[in-house]
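These notes open a run of structures that come right after.
First chain A sits with chain B, and in the next complex the same chain sits with chain C.
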Partner chain A sequence: MKKSNGKTFKERSFGWIDERYDVTGLIEFAKKKSVPKFRETIWYYFGGIALLLFVIQVLSGILLLMYYQGTEDAAYESVKFISTKVSFGWLIRSVHSWSANLMVLAIFIHMFSVYFLKSFRKPRELTWYTGFILLALAMGFGFSGYLLPWNELAFFATKVGTDITRQIPVIGDSLLILLRGGEDVTGATLSRFFGFHVAVLPGLFTVFLVLHLMFIQRQGMAEPEDWRKLPESEKKQIPFFPNFTLRELLIWLIVINILAILAVFFPWELGNKADPFAPAPVGIRPEWYFMFMFQVLKLLPANILFLSGEFVGIAAFGIGIFLWFIVPFWDKRTPESRRNKAITYVGIFVVMFIIIFTILGFILD
Partner chain B sequence: MLKILNKIVLLFLSAAFSLVVFAQSSADECLNCHQELDDELLMPAKNYVNDIHYKKNITCAGCHGGDATTDDDEISMSKEKGFIGVPDKTIRYEVCINCHSDEQTMKRYGSNLQVDQYKKLKNSVHFQPSYNNQGPIADCITCHSVHNIKSVNDPLSRVYPTKVVELCGSCHSSAKFMKNYTSSLPVDQVIKYKTSKHGMLNSKGDPNVAECASCHGNHDIYSINDTRSNVYATNIPKVCAKCHSDSKLMSKYGLPTDQYESWVSSVHGVALLEKDDISAPSCNDCHGNHGAVPPGVESISKVCGSCHVLNMELFEKSPHKKAFDENDFPECETCHNNHKIRYVTDDMVGTQESAVCMDCHSNEKDDKGYFVAGRMKLLIDSLKYEDKETKEILKDATQKGMDVSDAEFLLKDVRQVLIQSRTTIHTFNLDIFKESINPGFETISKVKEEGIAAVDDYYFRRLGLGISTIIVTFLVIGLYFKIRKLEKKS
Partner chain C sequence: MTEDPKNSNINNNRRDFLGMLLGGGFFAWIISLFYPVFKFLDPPKIEEVKVSSVKIGAVEDMAKDSGKIIKFGNKPVIVIRKLDGEYAAFSGVCTHLDCIVQFRQDYGQIYCACHNGKYDLNGRNVSGPPPAPLKKFGVTIKKDEVIVYEEEA
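On to the complex of A and B.
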């Protein structure tokens, strides 16, 4: 490299940018940033996996948008066109569908690992709240995206899914109209879901994702509870850059490989076009992450005391989800960061509950 | 001596006959009085002496009530004696069924007539209420008349086979009368019937040929769209066969009797009788119904062409038309038979032994028909083979999880092309046939290309996946060693 004033071109270029944007400050920050190294470090990677899958979702979603048409007449045909005629369209669609499911799975694992490691405690309450909202938004992405191919299964699953909102007191009916764009699932529902899926949800998701990442960057990675009594010298740390980043990259590559294998060997089926006048087909079911709720509502009796079974179920889920959301608030030991086995037992119960009813949903189908 | 004896016998017979007449007339005082009256009151009595009921010693009181044994009209026509006068038109049939539905009464009069006429009549179309509410449309008297009723076997009876056509025609040939019931029913049946073989022989006094009642039934007549009707589409063949399969009857007319048997196993017979396809032709669809005649050699294609329109049009423009006419070959029948029409297969055309073309054509130098038949068969077989092969390719692609539904949909066109080409055979023109069948080959070629591309794409995807997986795996391994090295250093 040609030298001028004793500096290489690379050094001069860096100096030019550094002078204007204080890159050295950023590098210093990255150098200082570290991640606790202990038995449970593996769980720290799932946030990153979810982020990777979200990026894949955005990129593959943009590509799908180039051909997808969100109308009742053209939606199914356009997805079919993407799958059969567009170069690599089948791969993009399959990757989009698979990564959506893997992303929800990664977020679930990330959430439960945070929960069991009690990382939601002070001072990370807001990180928990924003993370929870991101999970809800991801599920909203899944619910709205499920209808977009306008196939038989999605049509009826959306009908059943949106129908549940009727059970919400006072605002239930209005909410149903808002979601469906009318009394029934029609082309208006499709347009609405398309709008949610590509505009409303991505906008909200980006805001909460930025906040979530910002909180993490400001506070650093949570340390395990056991470390509170350890002297600083015994707390093992690995530098975030490059060690943790390279490890994350390695896991990302493995996830990409898994995603490619799933997309090629198990291409996402399209099924038959939705026909609002046809009888509901056998085996209507929601996406797997809604299955436990769907199955519980199915198993509940028609009436519990003087209330409808479905209402009781939805109310119970509503309360349960709300309590889960505000766990940093009701975990009394949060401020003291003391051990709380009750929290762990509640977590185990919730995980078992979700796993059992999800399996039952698929078995009893 | 013999002359004297004859005169004595004649005198004796005359005396005996007069005695019988006197005895009868003296037994029915109604008749005695009415014979002395004028006009309307005389006519029934005048006619009744020729009525079969009179001959069975049934007095006027048998139908009208009252007492026929006294000449005192105050008594004989009194209500006490049950006199009803002229029975009300709406219920006059009841007078007939009093005896004709009672087996014991009929036996008492020495009659072996069936007693189910009313049972049949009351369900028939004729027993529905008349348009002016004057009883049923037709009752016993409407057909059998009154006071002058004859045995059905009596040539003078109104319902005797040679008379019944006029009887039915008295209503059914009147547009004015028939429109009171239905404007859709034609009124030209009798006119057509008289042009038919049946009608011509019937007019000559042959009671054995079919007339109205032979096909439509007598008391149990239903609308032709009623499945109970003798002339409902699926019942007609048996109605015709009743006479036309009767070798004894048909021998008088020199007609064969195997038509029904042949037709039953034909493509038309199977469609009508086994598949209940009432659009399939029965006897009357080709031969006509009221104006039934056997189609002549030159009119056969017109008969078949009434349904197989395109085939007829193509045949009439074909070189076969002239050849068949010159050789007096019945057109469609020559290849397809008449009653025993087989299910058409592609083996009917071509140069193999089973082909009907070979009945006339042979492998001779100047026989162009032989060459054309061979080429047509070859093209049809090739298209069918290609179609089968392409379906296998698409099946393979589908089994591999590839979406070839558009190609599958397109391939359905080949079936249509085959149907059209089979029809075009009737042009017996190779160029026109090729024009018809070539789009099928073009479609096949397009679909096959898509099918092969789908299968290739399947392997390409796997190859792509394999390569990308290997690259990513190498990157993972490289990264792993890099991290190890890095962490060892630190």
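On to the complex of A and C.
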């Protein structure tokens, strides 16, 4: 290494950047950052897992874009081409599908852990709100991406999913046309969903992701109440850098391996091309994260009192999801040294509800 | 400078007025900006070819106790030939959530696979979530040819 003024090249380059951008300040900040160490520390890794999977989605999605064609005549054929002719095309497509599912799963786990640890409380309300919006956007990614291969399953799932907007009073019908690009699910719908999937949603997602991460960096890691009440001497912490970061990297390595195993040994199926004049195939179902809602709609009778079954079901889901979204608002902080049990019970009920109806959806008929 | 209260009142009124004008103008400007965008997203109506009847082939082309989907313009219609050889036709779109129905020989019913909706062979919703019967289409036989036509409401 060449030296001048007794400094190595590395030191001089660092000095050059540091003088202009105050890197030392950033390093000081990173040194102070720490994660509380306790029984539930494991849950602190799931946000990072979701982030990793999002990055994988962006990269594999860009690769798929090199061959995919978003039109009614070519979509199915181009996905088939990717899966059968393009070198490793089957792998890239499979990674994209599996990673999408794992990402939604990771976000769900992340959300419920934040909920049960009550990390959404003051001062982290905005982190919760942005996180919830990210989950909604991720589900939007899933729903719009599901249609893109233009196969039977996707076609009918999209018909049903978009038809639900009809239940929204006043604006429902116009919203349906806006989503579908016409009265029916056609090539116009495919064009729109393609646009949502590769332009609108990634843009929005990036904005909310940046906000979400900025809030977390600004406030530091959430400390659960039980941990905060411990005497100073018993508060164990893990320095964020390098200890927590290295552990997170190790977990990322494991996740990438799981993803590779799933993608290689359980490649995503393509099914039959969509035919707008064929009956819906038996055994049609949406992605698993919509399954519980799908299953409830299936079980509702045609009419409840004087309202249609779907309307009641969808209104109930709408209200429930909205209440979940604004949980920091209605969770009145209980006096110090007391837990708010109701929040936990509501959370357990929601988790049980989702799990039971998801399982029912997969085993019934 | 001493303020003349009357004068300042006029000034305030003038300021409020200008503020309203500017605010209103800005609001109108925003609307004029977004109006074309919303209109752009609303797809233009495409002229539909008006279809009033469709020939689906000879009477004996379809087996008894079977059903199939035909194209009626750009809409699916389900045609059924019952056990006794009689024909019936209904809109193929499930009244629940827009899926396409099918004839199920094993049930002797019209069935929607999306949410287990069932209709009898007269198109009446008999079980599951469908809120209304399937719209009926007319079937007539002319010189051994089966013709499906739209019935006047």
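Please note the rule applied: the second predicted complex is superposed on the first by the 359 of 365 C-alpha atoms of A that agree within 3 Å, B and C clash if a C-alpha of one lies under 4 Å from a C-alpha of the other, contacts with A are read in each partner's own complex, and residues count from 1 in each chain.
As a convention for this text, contacts are C-beta pairs under 8 Å (C-beta built on N, C-alpha and C of every residue); 3 or more make two chains touch, one makes a residue touch a chain.
Bear in mind the structure is a predicted one, so any value in this text is a computation, not a measurement.
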Clash or fit (per the criteria above) of chain B with chain C on chain A: fit
With both complexes overlaid on chain A, does A:D173 touch chain B (first), chain C (second), both or neither? neither
State whether A:E40 touches chain B only (first), chain C only (second), both chains, or neither. neither
State whether A:G283 touches chain B only (first), chain C only (second), both chains, or neither. second
Given the touch rule stated above, what does A:R247 touch, chain B (first), chain C (second), both, or neither? first
Considering only the touch criterion stated at the top, classify A:T84 as touching first (chain B), second (chain C), both, or neither. first
Just to be sure I read the superposition right, which of the two partners does A:G309 touch: chain B = first, chain C = second, or both, or neither? second
Chain B or chain C: which reaches more residues on chain A? C
Contacts of A:I256 with chain B and chain C, given as first, second, both or neither: first
Would you check which partner chain A:P267 touches, where first means chain B only, second means chain C only, and both and neither mean what they say? first
At the CA centre of chain A, how far apart in angle are the CA centres of chain B and chain C, to the nearest 10 degrees? 40
Shortest CA-CA distance between chain B and chain C [superposed frame, angstrom]: 13
Taking the contacts chain A makes with chain B in one complex and with chain C in the other, which residues are shared? none
Which stretch or stretches of chain A touch chain C in the complex? 156, 159-160, 163-164, 174, 177-178, 181-182, 184, 188, 276-284, 297-298, 300-303, 308-310, 365
Inside the complex, what are the residues of chain C that reach chain A? 41-43, 46, 69-71, 74, 76, 78, 92, 94, 96-102, 112-116, 125, 128-131
Show me the residue ranges of chain A that touch chain B in the complex, using the header's touch definition. 80, 83-84, 90-91, 238-239, 242-243, 246-247, 249-250, 253-254, 256-257, 260-261, 264-265, 267, 270
Parts of chain B lying in touch with chain A, wherever the complex brings them together: 401, 403, 405-406, 461-462, 464-465, 468-469, 472-473, 475-476, 479-480, 482-483, 486-487, 490
